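As written, the chain order gives the labels A, B and C, with residue 1 at the start of each chain.
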Amino acid sequence: MNNIWGDMSQYNPVTWHWVIAVYLFLAGLSAGSLLIAIAMRWVKGDREESPVLKAAALIAPVAICLGMLCLVFDLTRPFHFWLILVNYNFTSVMSIGVLALLVFIPLTFLYALVVFRGQLATIGLGFLQGLADVLNGLRKPMETLLFALAVIVGAYTGFLISAMNIYPMLNTAILPALFLVSGISAGAAANAVVALLLFKTPAHDHELGRMHGIELPVVGIEMLFLFMLFCGLYFKGGAAAAALASLTTGTWAAVFWTLVVAVGFGVPLLSLLLPAQQRHGKGVMLLGALCSLTGVLALRHFILYAGQSYLG
Amino acid sequence: MNKRYVMVHDENKCIGCQACNVACRSENQVPDGVTRLQVRVEGPYGEVPDLHFKFDRVSCQQCENAPCVKVCPTGAAYVNDDGIVTINHEKCIGCQYCIAACPYKVRFINPVTLTADKCNFCTDTRLARGEQPACVTVCPTNALVFGDANDANSDVSKLLNSAPTYREKVHLGTQPRVYRIPARKGGIEA
Amino acid sequence: MIKLDRRAFLKGAGATGASCALTGVIPGSIAAVGAPALSGSAEAVPSICEMCSTRCPISARVVDGKTVFIQGNTEAKSFGGKVCARGGAGHSLLYDPQRIVKPMKRVGERGEGKWQTISWEQAYSEIATKLNELKSKYGPETVVFSSKSGSEHTYLFDLAKAFGSPNTLTHLTTCPVGMEVASDVMFGTGMKRDIGNSRYVINFGHNLYEGLDMSESRALMRAQMDKHAKLVVFDPRFSMVAAKSDEWLPIRPGTDIAVALAISHVLIEEKLFDKAFVDQYVEGFEPFASQMAEYTPEWAESLSDVPAKDIRRIARELAQAAPHAMINSGHRSTFTPEELDFRRAIFAVNVLLGNIERKGGYFMGKKAATYNKFAGEAVAPELAKPGVNIPKPNAKRIDQMDEQYALLWKMGGIYQSIIDTVNTNKPYAIHGWVMTRTNPMQTMTDRAKVEQALKQMDLVVCCDLYVSETAAYADYFLPECTYLERDEEVKDKSGKNPAYYVRQQVVDVIGDTKPAWQIFRELGVKLGLEQYFPWEDVQTLQLAQVNKDDALLKQIKHKGYVSYGVPLMLREPEMVAAFTAKFANARPVDEDGTYGSALKFKTASGKIELYSEEVEKIAPGRGAIKYRDVSFKQSNELYFIQGKVAVHTNAGTQQVPFLANLMSDNAVWIHPETAAKHGIKTGDNIRLTSSVGSEIGQALVTKGIRPDTVFAYMGFGSKNQESIRISDKGVHCGNLLPHVTAPVCGACVHTTGVKLEKV
């Protein structure tokens, strides 16, 4: 039958587009970079501000703010965004996320103050020195809170889209975990890039090497979670299993196998096979980190688009 | 007693003529390019000569357990006093979470108000004037019946008690209030 | 992209003046000249729809001063207060930027799309001057006047007659003519259908669920759903009515007549017909019966692909349900050159079923005069016919070249005879064409010939709402106001009992537009024919209609639709009993409790004529109902058929914004087997080529069409550039149909052969 009922473009199931994928990526990146940097600091018991921590302290506020810009300008009424700050609905993941971000975002800035308290005068922020020193006194509870919030924010990006039970690929328990882990992976990679380029850290830096070493298990967990996601869909059958077609057909299958798997997982893992000398070279490390970032960004796109393309 | 407004779409009587589609647009001033209500004629399915069309009313299903209301961060999507899932356009920021979360894909951004929009059973227009929704008013073949299912004497209650009906995507727990009387040919695909 | 909403648009138009900077804007359109804000009645006004020719009773009101909501008038029970998509969308043309709201004059070549706006005064005086020039040079008959059927045609044809031209043509031959002529020949009058009370309905492509006629479409659904009537549909296409049927038989295009004849064969052979009815009311049964003897179901199967056993079974089932059973006589009857005998064959079956003036069968309209006579009292007021005595023009009509079309001369004429006359200059050359609300470029057949005819004219005047494909070739465009902006005279809407209704203005007139009656009256005055246009306004005319009974007029206007008495079918005992119970002075009933003895037909014999002397006289050999072989296509071609869609009226509504947004293309239905042979998939571009034209469109691969047939909804693929919303979208059916006129009934034939290819 001919279409006599009119335009159907509004019914495209893909509601959220790349801007949201970028937001999901940036929020995960912000949380992930802090998580890995703070965790390493705790494990090592550092007193010094390591290049990785500095990188994270810089990345976290910048990434989350860029992410928020994406989010706000994706609104159809961006100048009404303040409404979301004064109206809350506690059944809405987005509303809970707003609350978490309302604490997380200022904390990332305050934490940066703490981490860079030695350099404040040189970058013209000397007037904040007093505040930075006071906060440094509260560093442990602040880090604990920030760590907890980073876990929440990292997972939140997954919960945000998994809360919609119409999309079988999104509506899975594993998605927040997957996003959290891949956020950490992205965070580590971003930390490495910033540390190498901005803080002139030598490629053979011990801490950088250790962070690099964590990548293998992180990527392993990420791949495991992805495998579990797809298995879950497969065994659920019906519409869920039908969503697996996204792995074999269309643009998003190509994105998945090339950018997510080959570039995002393949290149960093293969680089581990290189002899230690080359493996720890600046170029290889940068390449590996950029590939990881590309992979995570591609994964957000794949999940968002393929996820929305199949309805339950 | 609370009202429980429901609509029944009889797919045997529906001829896919779009009178409802146009009446809705007229009454609710729905702008060009977007639609609150379509009846899609899908098919034909089956084998000649036993073919059949499926008549799919695509509009807000007025879920009792509405995903859009749950996900809306500002409470712009809410359940009105009359039980109808409604939109407070003042509060909507256009995050489109409700549009993404709607299992029936019947919410959209109104290009004039830039806020989410959808069928509300004409609650602010015709119901407020004591009339039936626009689509029900004009349906040439009386394929639509609307009313309060909590009133045992309403036409809609009687119909629900006497005819086989199904609803779309009940497995998602949405409890839609748009009921469909399946066509006598072909199976039910909810 | 999202289009401008009306308010934003109007603001824009106001701010930029005439919006002349926009490219492709027609000077007389709302886009160019703007429009005042909507103003009209917030209270519901009962009126009459004009989005198709059914003309349903409607009720419309302005909502919040912003839009108009239209629904059916609940006073008219059979219409149920309902309105279809077209009726509901009528208001969307009020403020359509494409709508023309100022008279225009062509400044470029014909069809080039160059216009300038002019005043009504200038339009009238220039047109009048040219008409009078043509009259003095060639005689008044050199100007033809054509119109869609309806009140417009009365206004325009009065002008034609007053001007002195006999050439008045309606859209009749492009639509219901076969059915109407057949009915006229057999019963001496038009017959109405009581579908709602039918228990068994056979339908030959009368697609009541897409070609909506609110009263009949509702009746069919009521019969099906509430009374469990069986519906059997013969149609090459799985139409909406086929989809809702109990049985769909995909018949070979153009062979419906064979099946209808075979049903008669079975009814007669198995003595399943109503002998008493035939004896009392039918003339010519014996020769008819012997003619039918050769039309066996097996013979019909060989032509139509409908299995003989199904034809026998269906005929028996039909007879079992008789008299509350019918074969629907259809509406658009332009399937085959054998329309007359096809429609007569259908009516013949109904006659054999004895369903005339029975529930679920056929009946004659009971207007006030007839009804009052039966009731023995003035149940319904009789309307006066305040006509004007205009002398009958002397010249021969252009369709009077062939005696076999004599029946048409008193009806709507043969529209497509314009094509012949332009080619042959017989009986004389025509030099002018004045038309209102008609689009022959689309509806006639052989578009190239219609275009040629328009180009050859010395004067073309079009009255319309939009620059239609035909109006694009006009010298003068006269913008009519829409039906929502005008009052008209009281109309008779009698069915089983008398009824009247009236069109009333809902919103203020937009732009410099006028109602048709006023346009043609003012043009008539300008032509110096004032004496033939005594009614200066509609109110005076209405008062004359009701014999100055102001209270009656008020009542009709207040309700919009008034009916009188109870339904009456002369041979239905139940109805006759209710009728006599209601009216004490009613005519006494016959012994059998009916008014059967009062049933008379306006034929020469006073009976139903299965054989027509009248037809035999004008077309020797065609008096009897017979099958004749017809060839529609070459063996390497596919049948090309068309039909109606629920959201458009023929070629009349494609530009209406709401409806254009619903559908502005007509993808061609192709069977999967046929598509596979040509490597065609849904959405592919295809070309259809017939003996007269070639069209490119999109494919819609579907099982809902026979493998030897392709189908397209009609009215699309407009070729004029003014209609930006629809031009070059879809297949132009008129460009593929050759100019063929059916014998006797004069129908345009809308079935032909086409070659299909992928492009």
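Definition applied: contacts are C-beta pairs under 8 Å (C-beta built on N, C-alpha and C of every residue); 3 or more make two chains touch, one makes a residue touch a chain.
Given the structure is predicted, the values throughout are model-derived calculations rather than measurements.
Here A-B and A-C were compared by C-beta pairs in contact; the pair with more is A-B. Among the chains, the centre nearest to the mean of all shown protein C-alpha atoms is found for B. Per-chain CA centroids place subunit B at a distance of 35 Å from subunit C.
Here the spacing of subunit A and subunit B, counted between their Cα centres, is 38 Å.
Distance from the subunit A centre to the subunit C centre is 66 Å, each centre being the mean of its Cα atoms.
Annotation for subunit A: residues touching 2 or more other chains are 1, 4-7. Along subunit C, residues 646-647, 661-662, 702, 704 each make contact with two or more other chains.
Each of the following residues of subunit B touches two or more other chains: 16, 18, 21, 33, 41, 44, 53. Those residues of subunit A that touch subunit C in the complex are listed here as 1-7. For subunit B in complex with subunit A, the touching residues are 16, 18, 21, 33-35, 38-44, 53, 58, 67, 69-76, 91-97, 99-103, 105-106, 108-109, 114-115, 169, 171-173.
Listed in rising order, the residues of subunit A touching subunit B in the complex are 1, 4-11, 13, 15-16, 71, 74-77, 80-81, 83-84, 87-89, 91-95, 98, 161, 163-166, 308, 311-312. Residues of subunit C touching subunit B in their complex: 1-3, 5, 63, 66-72, 80-85, 87-89, 91-92, 209-210, 212, 214, 217-218, 221, 225, 238, 240, 243-244, 247-250, 646-647, 657-659, 661-662, 702-704. The part of subunit B that touches subunit C in the complex is made up of residues 12-13, 15-19, 21-23, 25-27, 29, 31-33, 41, 44, 46-49, 51-53, 111-112, 125, 134, 137-142.
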